[in-house]
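Chains: A, B, C, D and E, in written order; residue numbering restarts at 1 for each.
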Amino acid sequence: MTLLSESPSPSAIAQAADAPVLAVEGLHVAYGSTAALHGVSLDVRAGETVALIGANGAGKSTILRAISGLLKARSGTIVWNGKSIANLPADRIVAAGIAHCPEERHVWPNMTVQENIALGAYLCRSREEVQRRIGMAFHRFPRLRERSRQMAGTLSGGEQQMLAIARALMSEPRLLMLDEPSLGLSPKMADEVFDVVRSVNGHGVTVLLVEQNIHNALGVASRAYVVKTGRITASRPSAELRGDPDLLRAYLGG
Amino acid sequence: QDTVRIGLVQPLTGSVAYNGKSVVEGARLAVEEMNAAGGVLGKKIELIVEDGQCTPANSVNAVEKLVQKDKVVTLVGAFCSSATAAIMPVAQKYKLPLITGVSSKASLTEQGNPYFFRAAETDALMAEAFAKILANDLKLTKVAYIGVNDDWGRGGVEEFSRDLTALGVKTVLTEYFDHGATDFFTLLTKLRAAKPDGVFVAAETQDGSILVKQIREMGLDTKVFGVGSWATADFINLTGEAAEGIHAAVPYASSMDTPRNQTFVQKYQAKYGIKPGKYGAAGYNALNIAGQAIARAGGTDAEAIRASLAKTSYEAPNGVYKFTDKGQAYGFDAVLVRIEKGEPKVIASTPVDAPH
Amino acid sequence: MDLFPQFLANGLVMGVFYALSALGLTLIFGLMRVVNFAHGEFYMLGGVSGWFVTNYLGLDFFSGLIVVAAFMAAVGWLVDRFLIERVRGQGEEPGILLTIGLSIFLVNGTLLLVGPAPMKVAGAVAEGPLFFGPIAVTKLRLLAVAVGIALIVGAHLLIRRTRLGAAMRATFQDPMAASLAGIRTGHVYAATFALGCTLAALSGMLLASIYSAQASVGGLISLKSFVVVILGGMGSFAGAIAGGLLLGVAEAMWGGYVSMGMVDVIGFVLVILILLFRPQGLFSIRTERA
Amino acid sequence: MTFGGITAVKNFSFHIEPGEIVGLIGPNGAGKTTCFNMLTGFYAPSNGRVRFKGQDITNRKPHAIARLGLVRSFQKTSVMKRLTVFENVLTGHYMASRQSLLATFFPGEAVRRAEREARESAAAIVETMGLAQRMNAPAHLLSCGELRLLEVAVALAAKPSLLMLDEPAAGLNSHEAGTFGAVLKTLVGRSIDALLIVEHNMDLVMSVSDRIVVLNFGRKLVEGRPAEILENRQVAEAYLGKAAA
Amino acid sequence: MTLERNILLAFLAGAALLPFAVSDQYILHLAIMALFYAVLASSLNLVVGYVGEFSLGHTAFLGTGAYTAALLSTQAGMPMWVTIPLAGLVSAVFGFAIGAITLRLQGPYFVIVTLSFAEVLRIVANNWIAVTNGPMGLAGVGQNLFGDVAVTNKAGFFLIVLGIAAVALYLSYRFVYSNAGRAAVAVRENRYVAQSIGVDPFGTAMQAFVLGAFLAGLAGGFYAHYISFVGPEVFRFAFMATMIIMVLLGGKGTLIGPLAGAVIVTVLEEYLREVQELRLTLFGLIVMAIVLFLPNGLMGFIALRREQQAAKPTLNAAKERTV
């Protein structure tokens, strides 16, 4: 395939529009001695919702982990709001307004649902404000209110997923990164989660999304990057991809 | 070899290291003195100290090393009877004389090991020497016995209770506690209920000082007597006020009133800053006995040293040491001391007879 | 029967002492899940440095306590940053080996520095007996019990009620999620370790003023502390108290009515029996599911 | 089955015939995984019985149930992370090559043959699941999606007669899920007798299942052929949401 | 697998020549102790490496074996060829009984409850004077091999312990590379998956545990005859600490690891006698340094190097946290 030659350079897109809030350039990341990303560049503009799509093991999650500081970049730059955040520790990056809801949920199993949610707002020091946000989370996910005193480790898979998303929202980030948010959710619940994403986005929060359910992903995102074996191979408006199943298949097939 | 090597196995780490170090100090002093006086066989004595941790396996390791690598001509050690029991066959196999200055378990000299010599008292000998004096002086009628739960503690309790019982003293309580125990209130509650007029304690410095202190903290004013290295500055300092008036039967006390002892105490204090206790003296004596035997043997042949050891007549700070056919020392003095104003005061002294 | 009140009192006092000396381990082993074999040595260092500051620096007991606390907090912090940190997240075995090495080093290093002799730490108050009816205690013991209870309650509140406490629990359950919530996990680890170390040392100094300090006490303390922590259920402070009291009272009763010689067996028999019927300890719940 | 007052599954009955692929679906927290746990002995049901091949297996130990031929996968990714893909699958052959302790220490020809067969079979299964390229990679190097495939491979290695999969396609993209569904279909009748699958990926469930059971609040809502389920109003309301609309 | 087998065979063959090549009794003594520890470490490794649970009570089996052999020898005058196998069997029975209780527990609870058993046995040995002679211990354990034929020199003991080590390594090797061994690894790696593929976690763990107890019992039996004295300290934690250091330093979950660990630690401890008082302080430091630089032990390090040389992807498996 010659996808690379077709794809416009990401920075070209960025220049056309207003300046990006998040700009990643030439990002190289490795697990131990295994390289996982080989020079990834992407931009996200303020208020945009962007999806990362690609086959299994392409490196989508790795990109998010590098941005949120869980992984150190070998080389490359990550600029957020005009400041470099590459290689800052994760907690500083959260403080800078980026929330990352990781793959596999990672709830705190021996804490109650309520405690899990409350800790999502760890950096917020005002008690009333935290209470307000907890109320908001329960409003978005009534199921969690029912289970507020249950230990998170005993929740069902889908319930844990809701909890992870609710927790990520608690820091009221400027950039929300979701890794496969619909994983393990029923179709109806997945719709509801994407409604939440839309409404959060509607309040001006920028969203970067990794999603396997392409239909849903392209439904919320305005634009998608295609990731393949540690590289970005294309960047397309959602509408274009949705209209062309063959192209999509070409991008997604492993 | 241009030195005569003597190997010393003692616990230098672990919970009895405290006492093991004293033995080593005494031993070093003895070697220093002998070397200052020209050494033996025209050579200097070299003391090689190994840590046996008071465990059989480690003590055997240490002995193998001393014998094979350092080629020592005589062994001294070990501290705990169990460790000594384990190294005795090794010494016998290599046909090397082994002197212990400490291990008191009676059966050690009963094993028919011709290379083994014990330059120390056994509990039986101490009990025999002092039971009567104690019973009379302290006017004992009912006694409680408390001992540390090891061979030494059990031996002490058994021997003293046998001899005191023979004198018509009633036993009202016998208890053992584990080495390293720190709280004795429960034990002392039982002691209080048993209403003895004297309590016998077999415990070393650490356990003993805490125990004696707590006897007073419980508000008990029973007379306390026992065995252990109590006639030392460390013990008295740790025990504080509570040490006043207690009695200890010891093979050695720095306050023993002989010229030899006075020079020994003086030298020891000059070198280490404290007065010697029972273990310091034990190390000192054992090394002197070894050194003199080698000198008399006229060479480093083990058989000759063994033979000359059997003929020992060593003038120690605390009397004269001789050995029986089985290698048990006798003839030296043992003392009963009372702690008064922070000083151990000798109130009775008697030579230890050969066991019969 | 008239012995019973005294036995009970002895048991309760000892129980608080056990809970107190296990407190640091409750944090480091119970919560942080580092099987810390150097716990007893931290306790020992508390006693020995207590002896040093009261004897050589001439401080009174309470100023000494503060100095020791500060010193041991620094030690704990450094141990975590330079040693534990390096093997974090590699399973429990490297931690076990590391703390065994540390404990060997600390005991023998201390032996080299101060020698094997027991050391006396001057107490905060006089030592004479105090009678409540038939029950004898000492002022020093009552003081230690009071301080012990205060420390335990304080630690409990810290973990359950404060932001730092919540951050600790989150970090130990899932460090990745914790750092994504903005928690500085490196600091939380180090702070917990330092706190555990300080608590161990404080109890070491406090109890050394009642007994005595010695370089080789660590092994026994570690053993008893592990028993207490497991009895109570990992990482629960209420559990540590219950475990400590249970152990103290059971030992007092066994020693009182049966025999002193086998007293140490009680703790271990209790552990075996309790885990036989409650495999997660007395005060702990399971939240794992398939 | 209740957990501290919450009833997770109540009065639920269903059955599976040989040769069948049954889909079990339902909203989050409806009790699907709990149901799996009860069938395979990880939880003990407070009421009711489970029968498998004519035997009552209620309250048996999980491994005993597995030995009867009922093997499951887990919702939360569960593999042996430090072993390679091949070793994972080889370990899955445990039941086929069980042997006495004596044979372990003094292996005879039979044991060696069993070992050889297990190795061949393991390689074949890795191939079938499309992980051939990853054969000797330690499992911890795999991405989420690959891990899901490996789990299925391990379960298959146990040569079950009834295979139960809990969200096996979670983490696969639409395209990969399609391929995976095709593989599943070929298994039934060949390697396994029947398949019970829990999945939220509707395209997959609808395309592979012969019959679908819908669970809601721990009770059976409806049961039927895929087409019937898609048309059911209750299902649409409780589960499918807008997707049905 | 074959590599590991060949290394082990070469090692045993080389070791068999030692008593003929070396006459220094001290070196032979060290070699005997190293092999004794190697058996112990291998037996612990079966539990730690293949059950995946950390037993701190392995001295229970060492001690049981040692006391069994010592009692049979001192009370009934039995020779070594009877007492040592019986020591293994009695320990195995103890292993079964203790395993029945402890193997239902996991993680820290298992760690502490096994430790508790060892301590209970130690305290019993220390107080049951009628049988064990309490703290006085059992001295004068005989050294006859068959009937009246006594082992009188170190070379003889060396060959005996070498034989025991060979048995231990053979049994471990067979177990580890069998279906049962794989099952044990499955339980270690993921209990749930193991159960779902038909592995009985309890039964499998029990096999490894009892085998470990048996081998430790053999080692204990040998110890009793070789040192000729057995006291309650055989149950003490000091032995346990040495074993742990050997297993982890060599690399758990491999067969060569514990063997290498035993040899290195024995030699290191003796070599450090050179530095006198500093000995154990330095030993502690060295243990710490090794953990920091070789977190997966010697074998882990070698495996890592091999992987790197093969230019294969590597990553620290353990970094992967499963929550």
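Keep this in mind: a contact is a pair of C-beta atoms (placed from the backbone, for glycine too) under 8 Å apart; a residue touches a chain by one contact, two chains touch by 3 or more.
Worth saying up front: this structure is predicted, and the values here are computed from it rather than measured.
Asker: Common contacts of chain B and chain C?
Answerer: E
Asker: Which chain's centre, taken as the mean of its Cα atoms, is farthest from the centre of chain D?
Answerer: B
Asker: Which of the chain pairs holds the record for C-beta pairs in contact?
Answerer: Going pair by pair, the biggest contact count turns up for C-E.
Asker: Per the centroid of Cα atoms for each chain, what is the distance between chain B and chain E, given in Å?
Answerer: About 37 Å separates the centre of chain B from that of chain E.
Asker: Measuring centre to centre with CA averages, how many angstrom lie between chain A and chain B?
Answerer: 75
Asker: Averaging over Cα atoms per chain, report the distance between chain B and chain D in Å.
Answerer: Inter-chain centre distance comes to 73 Å.
Asker: Calculate how many whole Å lie between the centre of chain D and the centre of chain E, each centre taken as the average of the chain's C-alpha atoms.
Answerer: 40
Asker: If a residue has to touch 2 or more other chains to count, which residues of chain D qualify?
Answerer: Residues 33, 42, 74, 141.
Asker: Of all residues in chain B, which are in touch with two or more distinct other chains?
Answerer: Counting only residues that touch two or more other chains, chain B contributes 13, 149, 178.
Asker: Of all residues in chain A, which are in touch with two or more distinct other chains?
Answerer: 31, 34, 106, 109, 154
Asker: Where on chain A is chain D touching in the complex?
Answerer: Those in contact with chain D are residues 31, 34, 53-58, 61, 103-104, 143, 150, 154-159, 161-162, 180, 183-192, 212-215, 249, 252-254.
Asker: Provide the residue numbers of chain B that touch chain E in the complex, in ascending order.
Answerer: 12-13, 49-51, 53, 55-57, 60-62, 64-65, 67-69, 81-82, 85-86, 89, 105, 107, 111, 149-151, 154, 178
Asker: Along chain E, where are the residues that touch chain B in the complex?
Answerer: It comes out as residues 24-27, 29-30, 33, 126-127, 134-137, 139-140, 223, 227-231, 233, 236, 238, 270, 273, 276-277, 279-280.
Asker: Which of the residues in chain D come into contact with chain E in the complex?
Answerer: Residue positions touching the partner: 40, 42, 61-64, 66-67, 71-74, 78-83, 87, 90-95, 97-99, 101, 104-107, 111, 114-115, 118, 137-138, 140-141, 151, 154-155, 157-158.
Asker: Where on chain B does chain C make contact in their complex?
Answerer: 13-15, 17-18, 20-21, 149, 175-178, 180-183, 185-187, 189-190, 192-193, 205-206, 209-210, 213, 216-219, 234, 237-238, 240
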